[in-house]
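For reference, chains read A, B, C and D in written order, and residue numbers begin at 1 within each chain.
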Amino acid sequence: MTAPLVIFFVLAAVAVFGAISLIVQKHPIHSALSLILVMVALAGLYLLMGAEFVAAVQIIVYGGAIMVLFIFVIMLLNAGEEERTNFSKLAMYAGVPLAVAMTGLIAAAIVGSNAAMPARAPETLTSTRQLSTLLFQEFVYPFELTSFLILVAILGAIVLAQREN
Amino acid sequence: MVPTSYYVLLSAILFGLGIVTFVFKRNIITIFMGIELMLNAVNLAFVAFSQSFGKPDGEVFVLFVIIVAAAEAAVGLGIIILTARNRKSLNVERVDLLKL
Amino acid sequence: MNEFLTHYAFLIIPIVKIAILVFIVLTVDAYLTWIERKVIAHIQARWGPHRVGPHGLLQPLADGVKFIFKEDPLPASVDKVAYFLAPFITLMLALTSLAVIPFGPQHFTVFGYETGISIAEVNISLLVLFAITALSVYGVALAGWASNSKYSLLGGLRSSAQMVSYELALTLSVVGVLLIAGDFSLRTIVVQQGVKGNGLLSWNIFPQIIGFICFFIAAIAETNRVPFDLPEAESELVAGFHTEYASMKFAMFFIAEYTSMITVSCLATILFFGGWLSPFPASWAFTQYLPSVLLIPFGLWVIFDGIRYENLFGRMVLPVVGAVMAAIGFGLIVFPVVNDAIQGIFWFLAKVFTFLFVYIWMRGTLPRFRYDQLMSFGWKFLLPVSIANVVLTSVVILWRMH
Amino acid sequence: MPILEHLWIIPLLPLLGSAINGLLGWRWPKDLVNWVALGSTGLSFLCALEAVREFFESGQKFFRKEFFDWIVAGSFRAGFDLQFDQLTVVMVLVVTGVGFLIHIYSTGYMAHEGGYYRFFSYLNLFMFFMLTLVLAANYALLFVGWEGVGLCSYLLIGFWFLKKSATDAGKKAMIVNRIGDFGFMLGMFLLFRAFGSLDFQTVFAKASTWQPEAMGQLGTITIACLLLFVGAIGKSAQIPLYVWLPDAMEGPTPVSALIHAATMVTAGVYVVARSKVLFLQAPTAMYVVAIIGCATAFFAATIGLVQSDIKKVLAYSTVSQLGYMFLGCGVGAFSAGIFHLMTHAFFKALLFLSAGSVIHAMGGEQDMWNMGGLASKIKVTFWCMLFGTIAIAGFFPFAAFFSKDAILFAAFNSENGGKALYAIGLLAAVLTSFYMFRLIWLTFFTQQRYDEHHVHVHESPLNMTSPLMILALLSLTGGWLALPALLGGKDYFSEFMAPALGSGEVTGIENAHSLELTLSGVAMAAAIVGLVVAWRMYAKDVKRGKSEGLHKVLYNKYYVDELYHALVVGPLVWLSQNVLWKVVDVGVIDGAVNGVASGATAVGDTVRHTQSGNTRSYAVWVLVGAVVLFGIIFWPILHPVVFGGTR
């Protein structure tokens, strides 16, 4: 039981716990907090894997921007606890089993293709420099496209959220 | 030395939980969170593979995913605000005009 | 025993360092409040605290005692989890952010464990710092939302909105420095500023003056200080997000605020003012006696002032303090090794305290923004300017390349 | 620019003209339309001349070029491939030259008609297709031209689409041609089946290696040839499919001249000549061609004897002349057939145009019984018409004398029944000269049988008469290419055609030359007989007698149309109405369609309950799909895991 393995299990447990509490919590704020927990845990896993830049971005964007937006909206709409309606029998009975089945399938696939999967390479730090080289040379067009995407998203958000008067 | 399959399995589990959130919760915002959770799970798999293959491409993809997620969150939450304003409710089961 | 230490050095030494750092920071925070009150008092031609201890030096202690022993009422129908979580998050993040800041150049080895004057050496320390800053929004937002009160909610919304908006400007204003340094590591940034060895001329402040201005304004807004202290605008919404908090929880917010002030000052020092580097060219060897030159006269003045202090306690304590100071000054002259060792830290602290003083100074002088002014300033002025700064810097760098 | 390298220009020019006129012409003044139409045709005529010049310059070597692929499917390739050899030279020159002249003529003839631009657009389009037909280097492309000219003939016959008879004639031409085209297509398919290609070169090369089939044997090649010949029958109006051509006279006279006399109807002959290699391999087919041609020649001539409509007379004469051409090809004298094709193009175009000029003069009157005594009033037309008549009747030294003579000579010398063929051909020649001179007398001499006050006869303008004169000259000199043959020299034309068609020389008979001379004499005599009889019957003043007996039969064209109507059209209509419409269409097709529709509705009604409008259930449906898909995709990996197999 080496140190990385211990850390992995701790973080994984935290993540799964967060995800589950995201489901069981009644109040959206608490769900959001649990989701933040998951994200932080994931960031820790990224660090453990040596992808420090991604970890930082994960925290900054997901934690610092997206989830803040969520909490904002929740506060703005002053959302209360969710009401337990069950209009959709299908979702009520078939939903969770199916999700479980899906997970099972994926897990089985992974176990099955375990041979094909490379054994873990030693944690090597991906230097931010080489990442940026990749981003700005090989993937430069997608990158530029994302900037357009974001612009569009901003406009869309403004148009949607402004009170029509 | 953590085997890659551990990471991937974890991401599978998280993904499944995301699905559960999606079909199980009724609050639009929470459902949206479920989507984010799934995205995160996928990211985890990406990073795990890119690390174990020793290629940073996967991490670049993760960056893209995050960007898209940000855009999606902006627009999606805008829509949610509108919906809540118009129907005075965040419960998806009360938003059921999408039928004959 | 010894090999036990060497074996677990990687665990023990950081813990020790953390303990030391937290102790220092908390003390500094406490006395920062004292300094603040004093300075503002003098700006406003008052005496400020002078009852508890000589020159009110023990005032912080008294405050701490008060905080601890005060009653802590729990408002009705608050969301308990979030209510308790909020101050903890805030303080924790504020303290954590200090972890990646390098205070000095030295590297020394203890029990075969090589370490520097900082808790964590991360390659992307700057990013980590920003990540932590980004998270610090939650404290405020949660506090405002949890304590189920109109004032708090408004304050929370306001300040979180403010933080999110100014975070952009903050991050972008630093990009110029990053472009010059080409690295995320704060240590590298500092070192790279001292490469030329011609003192303050090679600091980032000169090429990055615009960036610095943007950074400083955004930083003040991030820390919710005057003139951006809308969240706790007493006149409008009592005390903003921490209206409903009392005693230790309130103290946590308070400490967090001052800690983040310190953090930001450190950051400014490192990014733009050459961190621990001396402002004088390396050739001016005599400048290393500056600490002594400052300490000795000050110590002497404290002695002189202490002898004719009004009450007995002061007449007993102050000369001793002064004597110690002077002694240290002389000691530095006598032991050049020590003197060399403290040079870096000395300059670092000097710069940091300058910034802290500026903070207080501004609080003493500037009025508060209106909310719409705040937003439009942040989005319509600060953001564009910092972006322009980025573009300008990159253009210059490219032009230098070819 | 070497035209030969860019053969596509020759057909393209008329297409351009057609497109321009058709799309923009309606708002243009007539002069502009004229310029476009004449310009395009004239230019392509010049190009053709240039091409011919280069062809001769290159020492008459066979030229072929593939311009671009049209259809490529597996081993089958049909490309836009054009070729150029002696046969093409003749055809191209005839088409472009005569076509150009007729264009000029039309500018005068159609001057007062509506849809002027439309007419010229169609005419140019026809030129394009005809040129494609004659230049094509494979059957597929040839078939394109084949169908195209059919279309144009339909459009132009029905040019006055307000006249029911005209549109009916158009439809008739189209439908009757369909039968022939069907045969032609079958022939093509068979050829492709047999030789795996439709390129002339490949097909002929392979065919010539095959064992020649015996007389009376129905081998592949024979059947293919017969099928092709069915197409030729349709296009060239031979028995039994000739019925459309006389009705086609409903169209404007220049159309009759160009399409239904000079060029299109000769396409059949061209195809037979082009496929010479195949036909030579199939004597049976040759024999059939000869018989049908001979029969048509005589049969049509007999009908022509009694027609009163001036254009009808010419139409039937056309049919019978085409019969001659087929007779020539049938007995192996392809060059003679083509030769007659050329000369016929000249004098028949001339005759039609002159007839048109007469009709023009008479103000639209076509019945010869309402004419008479026009010779003095429209001299130019009269002389041109006379030239044409003499030419077709086969007097020395006019065109038809040589060509028809060559055909008859070949027929005489052909084995199995050559003599009979020759006799019938000769009889047909007599009839020809008879009805032509009857036409002359009825139209230009005898007392006038029309009312001065209503019709005021006037000579046609120059742009109509000038083509007449040129054509008259051609129909006089056109035959002289073969003149030396008569004088014991060699026949330039067949010499020239030899590489493409093989010499029409009949070998293996002693003193062929003297025999030819005697036969020529006989033919001449036949022509004179016809002339004399016509003179005896029509020289003095005549009036329309009531027709009975044989005359009645002839006048009603042997009731062939009625026969066809009773045998073919009637049953077909009955079938379509009572079976195809009432049963198949209403019952089966509509039933199927409506059934599908109602089924869809029913299914929708049941399935739509899944659409609860509840987003969560939708999500679950998506999930179901995801699970299934995942299972399918990763089955190979999952299988061992699920069923614990070894991996």
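By our rule, a contact is a pair of C-beta atoms (placed from the backbone, for glycine too) under 8 Å apart; a residue touches a chain by one contact, two chains touch by 3 or more.
For clarity, every value in this text was computed on a predicted model and none was experimentally measured.
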**Fill in**
By C-alpha centres, the chain nearest the middle of everything shown is B
**Complete:** Most contacts overall join chains A-B
**Prompt:** What is the distance, in whole Å, between the centres of chain A and chain B, each centre taken as the mean of its C-alpha atoms?
**Reply:** 6
**Euclidean distance of C-alpha centroids - chain B vs chain D, Å** = 74
**Prompt:** How many Å are there between the centre of chain A and the centre of chain D, using C-alpha atoms for each centre?
**Reply:** 78
**Complete:** chain B to chain C, mean C-alpha position gap in Å, rounds to 37
**chain C residues counted as touching two or more neighbouring chains** = none
**Multi-partner residues of chain D (each touching 2 or more other chains)** = 612, 614, 616, 619-620, 623
**Message:** Quick check on chain A: which residues sit in contact with 2+ other chains?
**Reply:** 53, 57, 65, 76, 87-88, 91, 95, 98-99, 102, 106, 111
**Item:** Chain pairs that touch, as defined at the top of this document
**Value:** A-B, A-C, A-D, B-D
**Request:** Note which residues of chain A are touching chain C in the complex, please.
**Result:** 27, 29-30, 33, 36, 43, 52-53, 56-57, 59-60, 63-65, 68, 71-72, 75-76, 125, 127-128
**Asked** In the complex formed with chain B, which residues of chain A make contact?
**Response** 2, 4-5, 8, 12, 15-16, 19-20, 22-23, 28, 31-32, 35, 38-39, 42, 45-46, 48-51, 53-54, 57-58, 61-62, 65-66, 69-70, 73-74, 76-77, 79, 82-88, 91, 95-96, 98-100, 102-103, 106-107, 110-111, 114, 117-124, 126, 130-131, 134-135, 138-139, 142-143, 146, 149-150, 152-154, 156-161
**Fill in**
Listed in rising order, the residues of chain C that touch chain A in the complex are 79, 81-82, 85, 122-124, 127-128, 130-135, 137-138, 141-142, 144-145, 153, 156-157, 160-161, 164, 167, 184
**Asked** Once bound in the complex, which stretches of chain D touch chain A?
**Response** 612, 614, 616-617, 619-621, 623-624, 626-627, 630-631, 634, 637-638, 640-642, 647
**Prompt:** Which residues of chain B touch chain D in the complex?
**Reply:** 19, 22-23, 26, 92-93, 95-100
